[in-house]
Amino acid sequence: MAERILKRPLYIIVGLLSAAVIVLLLFWKPTVVVYGVQRAGLYAGIALPMALILGIVHIVNLAHGEFMITAAYITYFLCNSFGMSPFAALVPVVIVMFLLGMLIFKFTIKHTLKAPELNQLILTFGLAMVLTQGLNLIATSQPRKISLDFVTSSATVGETTFGTYGFIYDLAAVLILAGLLFFLRKTKFGKAAVAVGQNPRGARIIGIDVNKIYILVFSLAIALTGIMGVLFLTSQSIFPLAGGSYTMKSFCLVAMAGMGSLPGIVFASIGLGIAESFIMSFQGYGGWSNIVFFALIIIVILIKSFKGKR
Amino acid sequence: MKSGIKTLVLVLMILLISTALFAGGQSEEGVKPIKLGGVWPLADITGEQGSKSAQLAVDEINAAGGLLGRPVELIVIDSEFKPEKGAAAIDRLATIENVDVFLGGMSSGVHLGQIPTLKKYKKVTVWTGAASGRAEEAMGPDAAWYFHLHPWDYNQGASYVEGWEAIGAKYPDLATAKWFMAYEEGAFGTASFNNWVELWGDNGIVEGESFTSAAFGGGDYSAVLEHAKEANPDIFVWAGYAADALPMMEQTKAVGFEPKTYIGSPPGWPSDFGDSPLAENVMFYGMWTPEMNKINKISKHYYDAYVKKYKATPETYFAPLGYTAVYIIAEAIKRAGTVETEALIKALEATAYESPLGETITFGPSNIIQHQGIRRQKIIQWQNDKQEIIWPFEYKTSDPVYPFPSWNKR
Amino acid sequence: MIKYWKYILIAIILLLGVLFPFYAGAYQQSIARTVLIYLVLAISWDMLLRSGQLSFGMAGLFGIGSYASVLLLLRLGASPMLSILGAGLVAFVVAALLGILVLRLRAMYFAITTLAIGEIFRIIIRNWSSFTGGPEGAILPNIIFDGDPVLSYWLVLGLALLAIVLSVIFQKTRIYFALTAIRNNEVVAKSSGINIFKYLVIVFAITSALQGMAGGVFAQTYGFVTPESSFSADYILLPIAMALLGGIYGTLGPIIGTVLLGVLAEYLKLYIPYGHLIVYGIIIICIIMFMPQGIVGVVRSKIIRREVG
Amino acid sequence: MSKLVVKSLTRRFGGLVAVDNLDFELGNGEIVGIIGPNGAGKTTLINLISGICMPTSGSILFDDKDITLTPAHIRSRMGIGRTFQLIHPLENLSLIENIMTGFLFSQGENKKKARLRAEDLCALMNLTDTGREISQLNILEMKKMEIAHALATGPSILFLDEVMAGLNSDETKEIIKIAKKIASSHNMAIGVVEHVMGVIKELTERVIVLDSGKLIAKGVYEEVSKDPKVITAYLGGAA
């Protein structure tokens, strides 16, 4: 991997340029980098499981953000009813989400694997609808949040004070990425999963139980959205429709990174996070920051496609 | 070729069945009930509770013998927050359910789509939502049958100016000079800010910046808060949604921004907001709070009845507004002795309803329409997990606490 | 003989459709207008899908059309009918230009790019307040035909018929061969002499014009635009679900799908006011699972099986 | 005069040189065999000539016109036809419709005329029941359809990429007969890629031999087959 990158001068140039930009920004307005990186952590943490599903099970999961919000509601319920701390709730939530992933895969998605991609897409759209509206019926549209003292933690460097809790998303994203890369590259099951991702038919021929890989990878990814759901609840309000915009952003990030590429997601997230943060640092231009998000995605996809042509 | 025919037959059948399904209106003999038709977004807490509160009022009226010797029936249809669905709901209520009066509320976007349809039927309409001045423009000055309860956005802005001037006069420490408003970038926040600048611009220095509400996938306010901190205002206001409430407080604390007065103005609060120590002494705008029960018997009655019937507490002011709308209609029908439109309009014009919201509601002209009900919002403050009203003084449940306590002393 | 009956059936359905306002009430007409708008979106989406290109740009083009028509009327004083045509033209030109840029992309990359373009339009319109009315949107002084329900219905029906006719033309002429070949295998299509890029750009522009006109008609019949409602994500996923239910790659499928799901949604809501959308979601899931070919596909395969067996 | 001239044509895929500095000509009405071991670059050569992929360097002249950068669909209209080694029929079109695409787009016929001419072509190829779905065709019919599809584009030069693969000897004979018939009746230049040497021997006037993208021999089959370089290439390829 490393030597492959070094062989391509373009990567080195781009890498150095971005490092230079980040250093300049740090001098000019350090909070741009701080908040940009925090934002990137949230984006990456949510998009990584989606990329995992897309890369191995070959499904665009339009219920992705909704799964995360479902996990957040389960966490909320655990915290509120049993007085658990959200971090203690991580374990049961992850287990429950894993099982939920298995159930949903078994009873719905599995039956559409042979159908065209489009059917799976709309199936997950239906799932998103059922999850959202189910939560709405049980918990109403009223936003909920647990109030936690440590999420207001801050640090002061020189004259700027900034919130530090957001870095927890970076920690989570890094851990999820490292864990997934270890799993996919070093474990037998993970290698089999990669093989399935690259060529399901081939994998089946050499004796890999493709269906088992599918269901376990899907459930694993849903369990990972569970982790993000727990974290999301600590710093954001949850309501049934909250997941939709994260589904869309993850979807865009996954495309920008290259379908199924995990490290690509992290780079794409950092780029987008800092770019958005940069625009927002100009007072009155925050409304345009979302344009940066979508425009960058289009530009990257187009550049990649033109490079691919040659 | 054969398959083409089969499918065509299928289309024909579907068309016929679907029209047949819709054509079916019930015809019941006996005493014809007075029918009220309500349209709310039922999946949203405002619409869900607004419609249930309206049903509560209808139940009470029926328990007391109905109106004009006839029972009252409320037919509720979901607008799904979609303009075309909201408009179709009006069509259904008017032509199939044959309702006598329309009511409903929430979301200017839906209401804009309904207005042409409402104009088509010209039935008496009592609306509890839609604050956007665009909706008033669309309704125009001629609609005598249109009674709008919720203040328009400029009414709200004017009432805040009035309120803050009154507060400044009574509590000189609270007299304010410099404002900073963080507003969500959608219609609600932008209209709030524009009205505020227009009304208050001369009296104080108003700065502002928009943010993406958590309700639409935002939730990171750090940039706006940093700019607010640099501006160092006396009063910091954010105009967003309930989902923004706690994260906004937390991030304000995290960036070390401590304004002397802290105002949040969502249409409703998240259910656990008061539990947070950060909520203490945040001020906000609204039309009703459960603390109203202390000073208003109707509010207390409504609140207890709602809790008893639905095993939940009313969370936003849209809930008592739904209840209010039904009673305003009911009293007018009693006065008019008929549900005939002309007479009912006359009777509604004479409305003086003591509402659970505190004020006695009467109708008078606003900038464009003829019949505007409520014009003022209230200024409320979180004190010990309670939403105490501090202005208008006639509904005051507590004195304001000032200045906003430092984050570290909570 | 069979052909003869087919035309009679079409004529009957057409007649029922045109005369609908005279035997159905205002509510049914209102629902029919919504269904027909979705019909235009579903058919036009399917028309592009026949080339294998999956678009998520319907909301963006619907929104562009809505705003184009309202702004043409408000700022340039165009008549309502002219402004609807203008909406189609604007959408056509915008799509053609964008298509030249992005129609080298395929599959999900194309889908996401169209989605992102739609979002960009929405953000621009929201932030360009002085021209577009900003987040609060803009309203028309009058709605089209002064709200005459029959004329409004015919307007929407006319647009839907235009979409259907175009779709049939797409199926009956060389365009059908071009699109099917491109969808099946681009290399073979090229070797057959098909100018893939030209066809994709033209089809994208035509279907976008239909979507833009749908937006224009919607804005003119309801009399307003706002960034949130005019660019609603409903205009992306619901038409796709409807087309899938009926059956893709044809004219009949999207028609059947939109009518069924559109009417069903209304029907459900009357019986389950609180929570009907869950049932709607479950129905979509079940349809995808048990009828992956859509209704037209199921009927067709049944008939084929009967003929063979 | 040469119909097609390929000058120092090169195509790289990453580190791999699929076609390496190749020169090659094809005259009017000539049938030439293109042979070589697996991976020699035969299919890539056809892809380059038909415009499916673009060369890294070198040029291609067709009727003395430089078509190096011309898009594939234009080349098809100019008269360069080809079949595909792995047949990918347009599975949502019927047998006759598959063939019609060539007439419709390469020759610009209208739908009615395209159908008539496609029917004629099917008759020529002995393809019956032309309304059938692709899934109902057997392998011989698929191969015939593939050739018919290429012919329908109206080529003056045609490349047949392993059309005999997977056919038994009777079927092979039938295809050879068809190939000969077209070559003589249309004065068409034909390039034949084939592994079955009997076919090459019977069908072609001369052959060129590729190995690792390079031209290693050309001439009459009998001579070329004795060339030690060719024998090594094949043995090396086999080993």
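A few comments on the model shown:
In order of appearance the chains are A, B, C and D, and numbering begins at 1 in each one.
As a convention for this text, a contact is a pair of C-beta atoms (placed from the backbone, for glycine too) under 8 Å apart; a residue touches a chain by one contact, two chains touch by 3 or more.
Please read these numbers as outputs of a predicted model, since none were measured by experiment.
Listed here as common contacts of chain A and chain D: C. Comparing per-chain C-alpha centres with the mean over every protein C-alpha atom, the closest match is chain C. Centroid distances from chain B, each centroid being the mean of CA atoms, peak for D.
Interface comparison, C-D versus B-C: the higher count of C-beta contacts falls to B-C.
Between the CA-based centres of chain C and chain D the separation comes to 43 Å, rounded to the whole angstrom. Note on chain placement: the centre of chain A and the centre of chain B lie 36 Å apart, centres being C-alpha means. With centres set at the average Cα position, the gap from chain B to chain D is 73 Å. Multi-chain contact residues of chain D (touching two or more other chains): none found.
Touching of two or more other chains is recorded for residues 126, 274-275, 277 of chain C.
Residues of chain B found to touch two or more other chains are 43, 48, 185.
Of all possible chain pairs, the ones that touch are A-B, A-C, B-C, C-D. Here chain A touches chain B in the complex through residues 31, 35, 38-39, 133, 136, 140-147, 149, 151-154, 156, 161-165, 235-237, 239, 241-242, 244-246, 248-249, 277, 280-281, 283-284, 286-287, 289-290, going by the rule given at the top.
Every residue of chain B that touches chain C in the complex is listed here, in rising order: 1-12, 14-15, 18-19, 21-23, 42-43, 48, 76-78, 80, 82-85, 87-88, 91-92, 94-96, 108-109, 112-113, 115-117, 119-120, 132-134, 137-138, 185-187, 189-191. If you check the complex, the residues on chain C that touch chain D are 173-174, 177-178, 180-181, 183-185, 187-196, 249.
Chain B meets chain A in the complex at residues 43-45, 48, 185, 209-212, 214-217, 219-220, 222-224, 226-227, 241-247, 250-251, 253-256, 268, 270-272, 275-278, 315, 407. Residues of chain C that touch chain A in their complex: 49, 54, 101-102, 104-105, 107-109, 112-113, 115-117, 119-120, 123-124, 126-127, 233, 237, 240-241, 244, 248, 274-275, 277-278, 280-282, 284-285, 288-289, 292.
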